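These notes open a run of structures that come right after.
Two complexes follow with subunit A in common, the first pairing it with subunit B and the second with subunit C.
This part shows the complex of A and B:
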C-alpha cells in the first residue's frame, strides 16, 4: 500500500483518547483548585512540553540523518516529517500558557509574579530581578510560542520540498535545497531549543539553574521520540503498511533507544553528581526536594529509563524482536513522561499551597517547611505520583498527537521514492 | 612439529560473483574452508551460515568484572583500609564512585575483548599467518577448500565448481596448519 488511509476506526480511537483527556482535564480543573488550579496547569504544561519536544526532536533527528548522508531512515522519512507537523499545535498550547501567565490564570512561574523585579515591592526578589531580562512575560511569548512557530516554518519548508520531490520536480535541486534548509535548522534549532526549555520548564524553579538542563531534556525527548517512532513502525507494519521496514530497521531503532537511554543517564547523572559533590545550598535544594519528597519517582525514573532498557536491549535479538522492542518502547516512553513530571511537579508542589486551604497567598518564594505542610498524606497522587487524572491527561494529548500525525501521514504518499537514498533504505543491512 | 595442508582456492573479481559462488557451494554441500575478502561484505556471514559471534558475551563478562573490581576496591579502600573524608561526604559515597566504575567497566570490557579476539583468531606479535594470495588484501575475493583427504574425482568436482561460478583464477597451495 503506497498511501496511508486514516480509517474511521483509528479516528474514533484517537478522538476517544482526546475526549478522555478533556474530561480528565476538566475534572482536574474543577475538583482541584489549590494554588490557582496548580494540578491542572502543571499537567497541561507537562504534556505540552513533552509532546512538542518529541515533535521538535524527531524533525531534528531527520535533519541530522539527512545531513550525515544516512540512507536507512528514508523509508521512515514521511513518518518523521508527520511527527514534526505537531509543532504548530504545540504553539497553540504555549499560547494558552502565555495567556495564563499574563492573565494570572495560573501561578506556575515564580518570575511572573507582580513586582518581582521592582525594588521596594513586597514581592521583590533580588535573584529573579537579576534574571528578569530573560525571565519575563514578553520573552516567554517569544521564546516559547515564537520559537515553536519559527521551527514550524522549517518543518513546513522541508515538508513542501519533500512533497515536491515526490512529484519529481527537479530531483537534485530539491534535494540540495532540502539539505540547505536542514543545515540552517540544525545549529539554529539546537541552540534555540535550550531557550525554549529554560523558559518553559527550568524557570519553574526560578532560583535554580543548571547548565546541563537543556541537554538533559533533549536526551529525554530523543529517547521518547525514538520509542514512539518504533511503536509507529511496529503498528504500521501490523496494518500492512511499509512492509519494507524490517528487522534491520527495527534493530537500528532499538540501538537508538538503547544508546540514547545511556546518553540520558549520563547527562542525568552528571547533573546530579556535580550538584551533589559541590554541595552548594542553592543548587542542592532542587535534588533535596526530589530525593526526599519524591523518593519513589526519583528511583523509579532511574530504573525504568536506564537499568531496564539497558539490560533488556543489550542483546542483538531483543533490539529487533517486536515483543521486546515494543515493550521497552512503551516503558521508556512512559518513563520519560515521568521524567518530565519530575522536572515540573516538585517546583510547584513545594512552593505553592496546592491544597487550596490558604488560597495560595503565601505562595511562591519560600519553601513551605515540611512541618508546616498541613499533614499532607504520605504519598499524594497527582504530585508525588501521577494519578489517574495525569494518565488521562497524557492519553488526551497522545490522542491529539496521533490524530495530527496520522492526518499528516495520510496527506502524502508513504514512500519517498525520489529521495536519492530510497534504494539504500530498501536494502538496509545492519 | 609442522603440518602442512593442501588448499584449493579460487579468486573472484567482485563480491557479487563470490556471493553467488558461496550459494552454489552451499547447495552442492561442498565444505568451504574459509572465505577471504579485502573488505567486510554485507550479508556474507548469513550466506555462509556462520553463527553469531559470542565475543560480546565475553565483553559483558569482562565489563561486569570491571564494575565489580572498581566498586569492590573503592569500597574496601575508602571504608576499611584507609578511610578519608572528602568534602564532608560519607566514607561510602556511591555517586562519587560511579565515574571510576564506569571507566573501569569500559576499560576491562575493551581490553578483555581485544585479548579474547586476538587469542581466538591466533593473532599476536610475532605470529606469522599463512596467506593464500597477497591480492586478497587488495581487490580479489577468495573462496578456499581444503583438499587433504579428498580423492581425485572430488578435487575435479571442486575445479568444475570454480569454472562454473566464474572464478577468475584457480590455484592450489600448501599452507602450514
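This part shows the complex of A and C:
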C-alpha cells in the first residue's frame, strides 16, 4: 500500500481521545478553581509544551539526518514530516496561553503580575524587574507563538519540496534545495528553541535559572519523539503499511531510544549534580522542592527514563523485538511526559495557593510561604502526582496529535521514492 | 536477499580504482622506505623543542613553582589552560574510532588510525601539566587511592580533581587498547612484507596474527566492545574536566551547561588538530586517494557543527548571566568581554564561533589550504577559550583589593612549547613505523566506497530490477 488511508475507525478513535481530553479539561476547570484554575492551566501548558516540542524536535531530527547523509531513515521521512505538521496547532495553544496571560485568566507566570517591574509598586520584585526585557507579555507572544509559526514555515517549505520530489520534478535540484532549507533551520532552530523553552517553562520559576535547561528539555523531547516514532512504525506495520521497514530500522530506533535516554540522563545528572555540589541557595531551591515535595516523581523520573530503557534495551534483540521496543517506547513516552510535569507543576504548587478559591479579589497577591502550605493529603493528585484528569488531558492532546499527524500522512504518498537515499533505506539490514 | 545498496549520489572514499594489493603497497610504503629529508628535519626540530621543554620542566622542579607567574589570586594559569587544551585535542581520535564506528560512518576509516594515535599523544602531553603543577612531583603517587602506609592520609573522593585522575587514566587506557587492537592486523601485514630484524620486531608486536577467520571474528567483537566502552568515555573525560570548574561557586565557572559544552568544544578542537596533521601527512606520504576531499569536507562539517554548538553555549552563558540577576555573574561576563583581557575573549569568539562559519561554503569546506589555516585558527581559539575561562574568571574575584593580572614566565611558555615537541616527536615516530591509515579497514569499505564501485559505477538495484525479480518470483 503506497498511500495511507485515514480510516473512519482511526478517526473515531482519535476523536474519542479528544472528547475524553475535553471532558477532563472541562471538569478540571470547573472543579478546581484554586489559584485561578491553576490545575487546568498547568495541565494545558504542560501538554502544549510537550507535544509542540515533539513536533519541533522530530523535524529537527529529520533535518539532522538529511544533512548527515543518512540513508536508513528515508522510509520514515513522510512520517517524520507529518509529526512536524503539528507545529501550527501548537501555535494555537500558545496563542491561548498568551491570551490567558494578558487577560489574567491564569497566573502561571509570576512575572506577568501587574507592577512587578515597577519600582515602588507593592508587587515590585527587583530580580524579576531585571529580567523584564525578556519576561514580558509581548516577548511571550513573539517567542512562543511567533517562533512556532516561524518553525512551521520551514516545515511547510520542506513538506512542499518533498511533495514536489514525489512528482519527480527535477529530483536532484529538489534534494539540494531541501538540504539548503534544512541547513538554515539547524542553527536557527537551535537558538530559537532555547528562547521558547526559557519563556514557556523556565520562567515559571522566575527567579531560578540554569544554562543547561534548554538542552535538558530538548533531550527530553528527543526521547519522546523517538519513542512516538517507534510506536507509529510498529502500528503502521501492523496495519500493513511500510512493510519494508524491517527489523534493522526498528533496531536503529531502539538504539536511538537507548542512546538518547542515556544522553538525557547525562544532561539530567550534570544539571542536578552541579547545582547540588555548589549548593547555592538560589539554585538549589529548584531541586529542593522537587526532592522533598515531589519525591515520588523525582525518583520515578529516573527509574522510567533511565533505568528502564537502559536495562531493557541493552540487549541487541530487545531493541528490535516489537514487544520490548513497544513497551519501552510507551514507558519512556509517558516518562518524559512526567518529566515535563515536574518542570511545570512545582513552581506553581509551592508559590500559589492552589486550593484557595482565589478569584478576583486577592488577585495577584497569592504568594504564600512554604511553611504555610497545606496540611492537606500526603500526596496530592494533580500536583505531586498526575491524577486521572491529567492522564485524560494528555490523552486528549494525544488524540489531536494523532489526528493531525495521520491526516498529514494521508495527504501524501507513504514512500518518498525519488529521494536519492530511498533505495538504501529499502535495503537497510545489518 | 541481502545485498548492500549504495545511493549513487554518495561520494567515493577511496579514489584511484585501487586494488587490494595497491592499498597495501600505498599505505605500507612510508614505513618501508628510508625517511625523507623533510621527515628528518621535522624530527630534529621536534627533538630540540622537546629538549627545551624538558629543560623548563627541570627548572620548575629544581627551583619550584615560583618560577611561574601564578599568584595568590590566579592559582591556575598556563598549566591548567594547557592541560585542558591538550585533553580537548585528545577527543577526536576516540570519537572517530568509537562513535563513528557505532554510527557506521565509513569515512572514519581514512583518518581513524592517525586520529587515535594523536589522541594518545595529546593525552600524554595533557597529563604532564597537573603532575608538574603539584610542585613536588615525586609525591605524584599520592593521587592514587591505594592501600598505603600513610596512615589516615587518603585521597579526597569528593574532589572533581580526583575524578579527573580516574577519568583520564581510564580514557588513556581504553584509547590505547583501541588503537593497538586496530593496529594488530596491519602490523602483521608489515611483518609479512619485512625481512631480518624488522620482521622479528613486527612479529613480536603483531601478536602472532594469522588473519584466520577466527582471528577476524574476535577482532571484530573486541572492536565493538571497545567502541561501546569508549563512547561514554569520550563524553566523560571532558565532562569531568568541566566539573573541575563548574562544581565551584566562582562566577564564570559555575554553570550547568559546562559539561556538554566542554565535550562539544573538545571534539571541535580535536577535529581541527586531526585536520592540521592529516593535511600535512596526506601530502607528505602521498595519501590523497585515501584521505580525499570528501573526508576533509566531512570533518569540516563536524567542525561547523561543534563550533556552532560551542557558539550557542557561549551566548547562552552570556545571556543567562544577564538573566540571572546575579551581580557577580553579570560582572564576570562583563569583565570577560570588556576587562583587561578583552583580547582573549574576542580572540576566542572570532576563532571559535565566527571562523567556522566560513564552512557554510562548500567551496571552502573542500579547500585544503583554507582548511589547514582555519584548523590552526580554531586551535588558537580553543586555547583562548580555556585561558578565558580560567584566568579571566580568577583574576578579578569578589575582593577588588586582591585583583591581579597574570602573564606567563618564559618557563611556563617553554613547557607549553615543549609539549609540542613531545607530541610531534611521538607522531613522527608513529608515522614512520606503523601504517598511518588502517589498511584492513580501508579494504573493508573498498567494495562499497571505492570510486570504481560508486557513483555512476554503483551496482544499484534500480526499481526495474526489482520489478523483474518480483515478477520472476511471482512466476514461480
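Rule of thumb we're sticking to: the second predicted complex is superposed on the first by the 413 of 430 C-alpha atoms of A that agree within 3 Å, B and C clash if a C-alpha of one lies under 4 Å from a C-alpha of the other, contacts with A are read in each partner's own complex, and residues count from 1 in each chain.
Keep in mind that, in the parts below, a contact is a pair of C-beta atoms (placed from the backbone, for glycine too) under 8 Å apart; a residue touches a chain by one contact, two chains touch by 3 or more.
Fair warning: this is a prediction, and the values are worked out from it, not measured in the lab.
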Joint occupancy of subunit A by subunit B and subunit C, clash or fit: clash
First, second, both or neither for A:191, with subunit B first and subunit C second: second
Touching partner for A:429 - first (subunit B), second (subunit C), both, neither: both
Which of subunit B and subunit C A:104 touches, first, second, both or neither: neither
Partner chain in contact with A:114 - subunit B first, subunit C second, else both or neither: neither
Contacts of A:314 with subunit B and subunit C, given as first, second, both or neither: first
First, second, both or neither for A:277, with subunit B first and subunit C second: both
Which superposed partner A:209 touches (first subunit B, second subunit C, both, neither): second
Segment of subunit C that clashes with subunit B, given the candidates 78-86, 96-104 or 204-212: 204-212
Subunit B and subunit C footprints on subunit A, overlapping residues: 273, 277, 279, 429
Residues of subunit A that touch subunit B when the two form their complex: 269, 272-273, 276-277, 279, 314, 316, 429
Touching residues on subunit B, where the partner in the complex is subunit A: 42-43, 52, 56, 60, 87-89, 95-96, 98-99
Residues of subunit C that touch subunit A when the two form their complex: 2-10, 232, 235, 239, 243, 246-249, 254-260, 301, 308-309, 312-313, 315-317, 320, 323-326, 360, 460-463
Touching residues (chain side subunit A, partner subunit C) in the complex: 67, 69, 71, 126-128, 130-131, 134, 172, 175, 183, 186-187, 190-191, 194, 198, 207, 209-215, 262, 266-267, 270-271, 273-275, 277-280, 282, 417, 420-421, 423-424, 426-427, 429
